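Before we start, here is the structure in question, set down as structure tokens.
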Amino acid sequence: MITLTSDFGSPYPAAMKGVIRRYTDAELVDVAHDLPRGDPRAAAFWLRFVLPEFPPAVHCAVIDPGVGTGRDALVVRAGSHAIVAPDNGLAMPPARALAGDGSDVDVRTIDVDDPASATFHGRDVFAPTAARIRVAIDEAAADETPPAAGPTPEAVADALAALDDLSPASDPVDLAFPEPSVERDGDGDAAAIDGEVLAVDRFGNVITNVPGELVRGRDWIRVDGDLTPVAETFGAVEPGEQLVTVGSHGYAECDVNDGRGDGAFDLRPGDAVRFVADNVSL
Amino acid sequence: MITLTSDFGSPYPAAMKGVIRRYTDAELVDVAHDLPRGDPRAAAFWLRFVLPEFPPAVHCAVIDPGVGTGRDALVVRAGSHAIVAPDNGLAMPPARALAGDGSDVDVRTIDVDDPASATFHGRDVFAPTAARIRVAIDEAAADETPPAAGPTPEAVADALAALDDLSPASDPVDLAFPEPSVERDGDGDAAAIDGEVLAVDRFGNVITNVPGELVRGRDWIRVDGDLTPVAETFGAVEPGEQLVTVGSHGYAECDVNDGRGDGAFDLRPGDAVRFVADNVSL
Amino acid sequence: MITLTSDFGSPYPAAMKGVIRRYTDAELVDVAHDLPRGDPRAAAFWLRFVLPEFPPAVHCAVIDPGVGTGRDALVVRAGSHAIVAPDNGLAMPPARALAGDGSDVDVRTIDVDDPASATFHGRDVFAPTAARIRVAIDEAAADETPPAAGPTPEAVADALAALDDLSPASDPVDLAFPEPSVERDGDGDAAAIDGEVLAVDRFGNVITNVPGELVRGRDWIRVDGDLTPVAETFGAVEPGEQLVTVGSHGYAECDVNDGRGDGAFDLRPGDAVRFVADNVSL
């Protein structure tokens, strides 16, 4: 399987699929092609959330504001998965999530030789590399004795090491999500949390970087000053009402039941957001 | 095959696909992931239209405004098809359409045991259930003697009955589309029809609940008072002009050739719409 | 493989896929379903760009403003590829691109017999025809001795010729992209170029009909009077700044790094655009 992720809209991803089909019949699964434009951090957030649901696969992820400049192109192995992506950090958070304890990751640079275009490396670099890696991993997995259920991390590592146009990356760009800052009360409970908005989804749900355990179990919390109910799910409040909940990725979200949290809370990706316990005056 | 339908946008459906791939390599076909948010009736309308085009399949349909509340999760068998969906009625109209005469339908409740999240049952409940059902049906079909072209309704029913976490549903939510009210003239012809808008598509075509035979064959009809040509297809009127036609689902539509009917007729889903014969003053 | 292209949005393409699955398990790949509405020229532009990336396939392309009128339905063979499309010209530019030197193209008319609807020939005419052609080509390819890597152009031609409901098209609609007009200076270099906007992509990149070689290698060029840098790629200018680049399709584009060229240059599909050398006063 090869998954495909980009900010390309259509029909550019189809060109990538056509290229891949010249190498392999591996299944193709779209993750998203409407991710925020040129934003590796947003892509890293979503891929860290989605890719761990998949069995071992090759993931081709092209959010590439530096296309055609000197930025490197990478293959990041994480356990039995491989992520093919530009060297802008987007691959590292999902790689750590895929690698279980985060340690079984290695990074290789693709030796790119004169791509056909300066602006569409999705088609000219990343898609063919993902396809060739898929073929190499499948061949390595077929050689394992006894045949494994899927490719082992060793088989994937060996397959990548055997490709002449990949070489160990010396200093890949990394990317981390901001950590919230937490002020605790005398009992050690979180009294105030200064967080940041990581993403907004199609529903307008505002996903923050605040871990769910810091808000879960409360009845109310102040969001940028406004007292807001904390609930397990949307339906706990009336349609149109605001709530704080813990999303499926484990982070605190600012939502509206049957409405848009981004509008109601006036929060967008990158914005600061302050949560304060309802019994605290800060 | 497993079809996938939701109002999730992206990349949530990819998480569902990843989960399914942990169970089965069955083909995955997207029906739509941009259906109107939290609107089971709209989903039921579109699925009733689309699903009967498919050969027997498992259909995973998650428009789920009640996620995380007490609503049940269902598997609805219709002939050789199975629909996995929340218990909000969305599965029933397409199930009746899939079952031919509408009678070969049975409904089971999924015994859900502590899902991983309160807000993403698409990933945590419906996708894994669809995958397990797919595996069970495939195994049952493989056991048939002689092997059938596809699974028989009996094989599907047996496969579902054998799953421990499914039990007969006592009182599933149903959902019906509103029927138009028709005033007839002395000859029994429809003189006036009070209908409702069921859906609007990407083109802005306004799909009503008025059966096509009530408008087909006329030259003109009044739509909310305005005399409008009735035509077989868009190209029968000039670009930018309004028309009433019978859509591919068999209902009367209010359209504009190379334009948007929803804007021109000022009609949105749920709106009332009155059709009056052009020779009648009502 | 069958690729699918339309302006249908969702969920109409899923109905086409369901129909195809009643004939064949051939892989289905979406090219795009959000192409500009009713615009065969835009579709021709994108398909000419994307389809040549694919190995031999059947391509079902339904941008069909004339649906239900007297327009013909076509199968256009180009080398080992076949395009199934309405007779409005959209298939011809990609067919010439697929046929290598452009000569190995033949066109057949589908004898359509009373389709189920007047407005959804994607489901009722083009999808089933694409499926039947796919089956016929696969059967013909399987009969080749020795088996070819893919179907040969001869096998595809024979398969199409053997289908009773296809007959040679007498006068298919063709469609050509406008050629820019070029004024040259004393050295034969392009001093001024009057072009046209062919398409705008998701990024807002304005794709013109001006061949890249007419702008490549310059440092600056005037676009409708405004001096604009010419660069290999977006990252060569600061975020928010305008540039002219040569896109992956080989045409001059008017772009903004991390912004929208269509807004900044005030250019839309069909608009005229004038490029003038920076050292020329015209």
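Order of writing sets the labels: A, B and C. Residues in every chain begin at 1.
Here is the rule we go by: a residue touches a chain if its C-beta (ideal position, glycine included) is under 8 Å from a C-beta of that chain, and two chains touch if they have at least 3 such contacts.
A quick note: this is a predicted structure, and the numbers were derived from the prediction, not measured.
Visitor: Are the two sides of the subunit A and subunit C contact the same residues or different ones, given that same means over half of the numbers occur on both copies?
Guide: Different, since under half the interface numbering is common to both chains.
Visitor: Which angle of rotation, from 0 to 180°, maps the CA atoms of subunit A onto the equivalent atoms of subunit B, to the nearest 5?
Guide: Fitting subunit A to subunit B on C-alpha atoms yields 120 degrees.
Visitor: Taking each chain's centre as the mean of its CA atoms, how far is subunit A from subunit C in angstrom?
Guide: Computed value for the inter-centroid distance: 32 Å.
Visitor: Going by the contact rule already set, what residues in subunit B reach two or more other chains?
Guide: Correct list: 34.
Visitor: Can you list the subunit A residues touching subunit B in their complex?
Guide: It is residues 1, 3, 5, 27, 29-35, 46, 49-55, 201-203, 232-236, 245-248, 258 of subunit A that touch subunit B.
Visitor: Considering the complex alone, what residue numbers of subunit B touch subunit A?
Guide: 7-12, 14-19, 21-22, 25, 28, 34, 37-38, 65-69, 116-120, 123-124
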